[in-house]
Amino acid sequence: MNTFGHLLRVTTFGESHGPAIGCVIDGCPPGIPIAPEDFAHDLARRATGRSRHTSARHEDDQVEILSGVYEGVTTGTPIALLIRNVDARSKDYARIAERFRPGHADYTYWQKYGIRDPRGGGRASARETTMRVAAAVIAKKWLAQRGVTVRGCMVQLGELVPRRHDWDAVEGNPFFWPCAEQVPELEAYMDALRKSGDSVGARIQVVAEGVPPGWGEPVYGKLDAELAAAMMSINAVKGVEIGAGFTAVTQKGSQHRDVMTPQGFLSNHAGGILGGISTGQPIVVSVAFKPTSSLRLPVPGLDVDGNPVEIVTTGRHDPCVGIRATPICEAMLALVLMDQALRHRAQCGDVGPVTPRIPGQMAEC
Amino acid sequence: MNTFGHLLRVTTFGESHGPAIGCVIDGCPPGIPIAPEDFAHDLARRATGRSRHTSARHEDDQVEILSGVYEGVTTGTPIALLIRNVDARSKDYARIAERFRPGHADYTYWQKYGIRDPRGGGRASARETTMRVAAAVIAKKWLAQRGVTVRGCMVQLGELVPRRHDWDAVEGNPFFWPCAEQVPELEAYMDALRKSGDSVGARIQVVAEGVPPGWGEPVYGKLDAELAAAMMSINAVKGVEIGAGFTAVTQKGSQHRDVMTPQGFLSNHAGGILGGISTGQPIVVSVAFKPTSSLRLPVPGLDVDGNPVEIVTTGRHDPCVGIRATPICEAMLALVLMDQALRHRAQCGDVGPVTPRIPGQMAEC
Amino acid sequence: MNTFGHLLRVTTFGESHGPAIGCVIDGCPPGIPIAPEDFAHDLARRATGRSRHTSARHEDDQVEILSGVYEGVTTGTPIALLIRNVDARSKDYARIAERFRPGHADYTYWQKYGIRDPRGGGRASARETTMRVAAAVIAKKWLAQRGVTVRGCMVQLGELVPRRHDWDAVEGNPFFWPCAEQVPELEAYMDALRKSGDSVGARIQVVAEGVPPGWGEPVYGKLDAELAAAMMSINAVKGVEIGAGFTAVTQKGSQHRDVMTPQGFLSNHAGGILGGISTGQPIVVSVAFKPTSSLRLPVPGLDVDGNPVEIVTTGRHDPCVGIRATPICEAMLALVLMDQALRHRAQCGDVGPVTPRIPGQMAEC
Amino acid sequence: MNTFGHLLRVTTFGESHGPAIGCVIDGCPPGIPIAPEDFAHDLARRATGRSRHTSARHEDDQVEILSGVYEGVTTGTPIALLIRNVDARSKDYARIAERFRPGHADYTYWQKYGIRDPRGGGRASARETTMRVAAAVIAKKWLAQRGVTVRGCMVQLGELVPRRHDWDAVEGNPFFWPCAEQVPELEAYMDALRKSGDSVGARIQVVAEGVPPGWGEPVYGKLDAELAAAMMSINAVKGVEIGAGFTAVTQKGSQHRDVMTPQGFLSNHAGGILGGISTGQPIVVSVAFKPTSSLRLPVPGLDVDGNPVEIVTTGRHDPCVGIRATPICEAMLALVLMDQALRHRAQCGDVGPVTPRIPGQMAEC
């Protein structure tokens, strides 16, 4: 189960401190121009070492295209991408090979398989998400050719929430925060947190615009179901919302339902999905990231023999994994959308929306 | 995509007002005793017409076992279950055949397929969930043989939240509410709501106890990812949380991480899952249900030609779909767990937990 | 694994002597006109009791459409078909419940599952293939809309081979034999065989014409690989050939390779498939059916305790299962082609053949 | 569809003249010892350049293990294997970039995708099978731990058939021929063929011994159906037989059915499979390979504009692809068996054979 998707299938491999990470993208349509440098932008957005607020590990994340591209264009055969790991410091992990960090996958991998690669979290490391971002570069290209764009931002850091929502501010700060004036406040918050040795959670929101109505496969392959699985498969995610999400619990039906007029929907509490199928409105997904469990604050734990030990995590870690999570959530959104688009095309022949197509409008959700 | 699961595969079929609904359960282990009457209890819990707070449609939900069971025991071949629809009143829907109810799948099915069965919501009706509950009766039996139990309750109705959490109270009221003394308050709330013609959302929590450590398939088939998809595939669901869920956004790492001791975990913010694999703690999932969009309050809408019309929904509907949702969420939890158990057995041979197995403890999450 | 296909997915259920058999067809495009009477022709071609050369069991094979069709047209939701079993005589099988017929699945089902439904072969009965033929009626319709036709005939019965190949003769005799003048000879052969209590094998050939170049999914979903699996999944099949098949073993490359000219291919040893992808030539598949193992000639066997017993099979059986196999092989060919067409459309957008399209020519293979 | 298998999933990638070929093996149980040198033996058996009777291309086929193995043992996470291509001579293919070789996938890939990598056959090259052999090294290890062995040999080269069947002779000659005394005859045959510029077909037989009864998934995942697909997915295969195969067409039922006695089966016409499930007898599969279409004998063909051209294939090719096919067929047999074993374990818990287990006996089939 290291494969994501049904018709666009991305299989990832690699451990955090192994020789390399990589992926195979199968089912990709032919004719998409792809070059190694296309991956640089999004991989840099996801990378550690971009600011003092993320792990100090520095990986170049140079992508080698091993197959599936001929003379700069996809051929329809599987596209293999490879990134060598260059800055793994496995000795940092010698002490935890025999003990389980609380809140970590150490214990569960060991229980499941009876063996685990303890170096850097092995397969459970967020390093795996690098390949999701790489694969999604191709999906974003294909979607963009169809007028579909995907973007995201952080909408909560601990207790902090944006005072304004300005998309133009997002790429101008290391937090993907949509309110430029709050950035110094976030910097200070993170500096204090890092100093304390603790970590904190975050909430990310991703949005896809231009999705035509009709994508999504009822009943079990609903667009929202696939998105929920996609987001929850990201390390540290504990919750997923579509549109109004948990706010819908306290809404009345007369308030929640999005009125349709010939000029468009008047709101988007649905988050762009009804009955598991896109409405033509923006797809809006919110994702909760838990705080990192790898802290230098000591904590009681267990060793592999069941004896109590004190755990102090060394190694290099993010005090807030949510800081780098925006491009990862975007990636999963893009991969789901492209996969759903191909599935829709298979069954319905891409006939496109039946009239009347109601103009989509972005409303706060 | 009307199939749920990987090794335990449930394929459902049927429209709300068609001749029948049914399912085929493939991959079920042989040797499980099953009789038609085994389905009655959970189907009654899910049924409409159980109280004045749900739709008045009355279906007997008599299950016919068509295959896969010989002399009262499963044989390993596909189990087909059939329920005839008997109380469909399709004429109620004549008026909406040519128009789209806001907040409903009417519009998106029509956009996707260019055709739709408008009677009772067709395939998009919650009637489909009947078969999930039926299929899960078998999964619950198989899990119970392994010491795994699944249960659930409503933990929010609009703004109302339980004052106490008493599992013994849950089955004693039509809301699956864990605080008996609040039931009159809920009754009054729902009576007023029904009178107003409006609807409201709800939050359901389901819990699985006795799950051994080791179930769940990293990276994309994580137990939490599968649960998120399963829950989000239920009609009207807009959000899913595992353990602390969105609360984790404001937690510090030192607070969120669940300390392990030889006597057990000291908390369960993880909701029983780390790295996508069960920890041995209770699995805890929260689900947000939106308010029903089918209201008798008039609302602007569109007809199939794009003209504005006034929509008044007749037919029989639930003023809070969450009221009947507890057994459905339980069903999805049971189906995911059994599927994951089979997958774990395939790869790891069911060797069971490696020592030390830490005792699971239920903590508030 | 009772589901066939990837995008057009047919899940069958039911035992030979259970209450019913049925199937669920998922992924079918919307807009195909389907009525219960559409199934009659092909089901009659497959049915027993059509001549004295097949089993005397008589089933009406009345198809009930339970879902997925609204006002006579497919809606894109799962299509469930149901056929009640009416002429099962299970008491014929009481004697074999505790013993294993040689050459039968009795023994292997029991070894696999530890339990089996012995009545009429249970799930292993060829009765299951009824639903393949029913499902393929829809596939044949969809293919015909695209100019693709599927047909088949028997090309060997024991040692007998057709003296001429006349497609017009095929439907005029109970053997689907392409040479009318030989039919009396076949009748006499089968009469003698039936009298002797023995059975014999047969070879069926099925052909699809009008398939455009480009269908088939390299590397593991090759059109020929899918066809081989499809045919081998039919009861009693022991061999599958594409085009020249085993004859290719003794061919030289200069003889086997099909020369391409602007006027078309000059031969079709490839059977219409190169590199797993259709060439535009007719797809030609040959299938070997073993002789039925259920004979009234006594044979040494075993009972469930491992003791030697004499087996005499009563019940009603075909002396040559190949006689009814032509529509079944056609069905599998049609299902594979439609599935591959949908897959091709998903990835390549149904752009259709790139020029030059070489005219396909049927050549003996 | 570059993934093979259901629970043991092998995804391959790479073109013949691209930078590398590789695979990802997902679902592999933990705890299997694997080292890079384990792959050498089988890869050498499959390699070109082993004798003058195969292509002169020389690849070292050095396997790099990129993931999934920690301290020499599989961890349950995906195993990525990489082989760099070192001896590609792409300039040999410049002339065929604009033209289609008859009998080749050139034409169909171009029709399907509108683009193709012409160098060395691109993805359609038999070079891809290298990774099948590599992946199967792990499967063979796992099977051997359970007493299951897989081996194969060539049983026909053009018109030549073995005079004796001596397994000990097979590995002593470059043809995998089971009769040592005929080897000079085969050498002379191939020398003459190569000189003539032509090619020839071959038949390979592979056998698995020690398979317990019970493996195989009815109805569509039958062991024989999966084997047929597996073998037909190999380049140049045109036919597959299980056990008696096409010989069963002329057999009587009284002759074909394998009698069961307490001492074992008295024959193995079934090839070890009944009802799609293993019987405990040896699994016997025969595979027909067509003659290579890449000949230096000129032949009429077409260019990409549909104009007639003369095709003379240069590059390095095998005059009989069957010569190197034995390890490839073994690989597919091993991969199918391990996959089926895991599937059986998932559903049936690996309870193993129910009594009576009849001893398996190898009989000529």
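Going by the order they are written in, the chains are A, B, C and D; count residues from 1 in each one.
Methods note: a contact is a pair of C-beta atoms (placed from the backbone, for glycine too) under 8 Å apart; a residue touches a chain by one contact, two chains touch by 3 or more.
All figures in this text were calculated on a predicted structure; none of them were measured in a lab.
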item: Of B-C and A-B, whichever chain pair has more C-beta contact pairs; value: A-B
item: Chain of greatest Cα-centre distance to chain A; value: C
item: Rounded Å distance between chain B and chain C, as computed from the means of their C-alpha atoms; value: 39
item: Inter-centroid spacing, chain C versus chain A (mean Cα positions, whole Å); value: 45
item: Centroid distance [mean C-alpha coordinates] between chain B and chain A, Å; value: 26
item: Shared interface positions of chain A, touching two or more other chains; value: 1-3, 12, 27, 30, 76-77, 109, 112-114, 123, 218, 343, 348
item: Chain contact graph, described as a line, ring, star, complete graph or other shape; value: complete
item: Chain D contact footprint on chain C (complex, rising order); value: 1-4, 12, 100, 102-105, 107-114, 123-124, 128, 156, 158-159, 198-203, 213-222, 224-233, 235, 237-246, 248-262, 269-271, 273-280, 288-295, 297, 299-302, 304-308, 343-344, 348, 351, 353-358
item: Chain A residues within the chain D interface of the complex; value: 1-3, 9, 11-15, 18-22, 24, 26-27, 30-31, 64, 66-68, 70, 73, 75-80, 82, 109, 112-117, 122-123
item: Chain B-touching residues of chain D, taken from the complex the two chains share; value: 7, 27-30, 76-77, 218, 342-343, 345-350
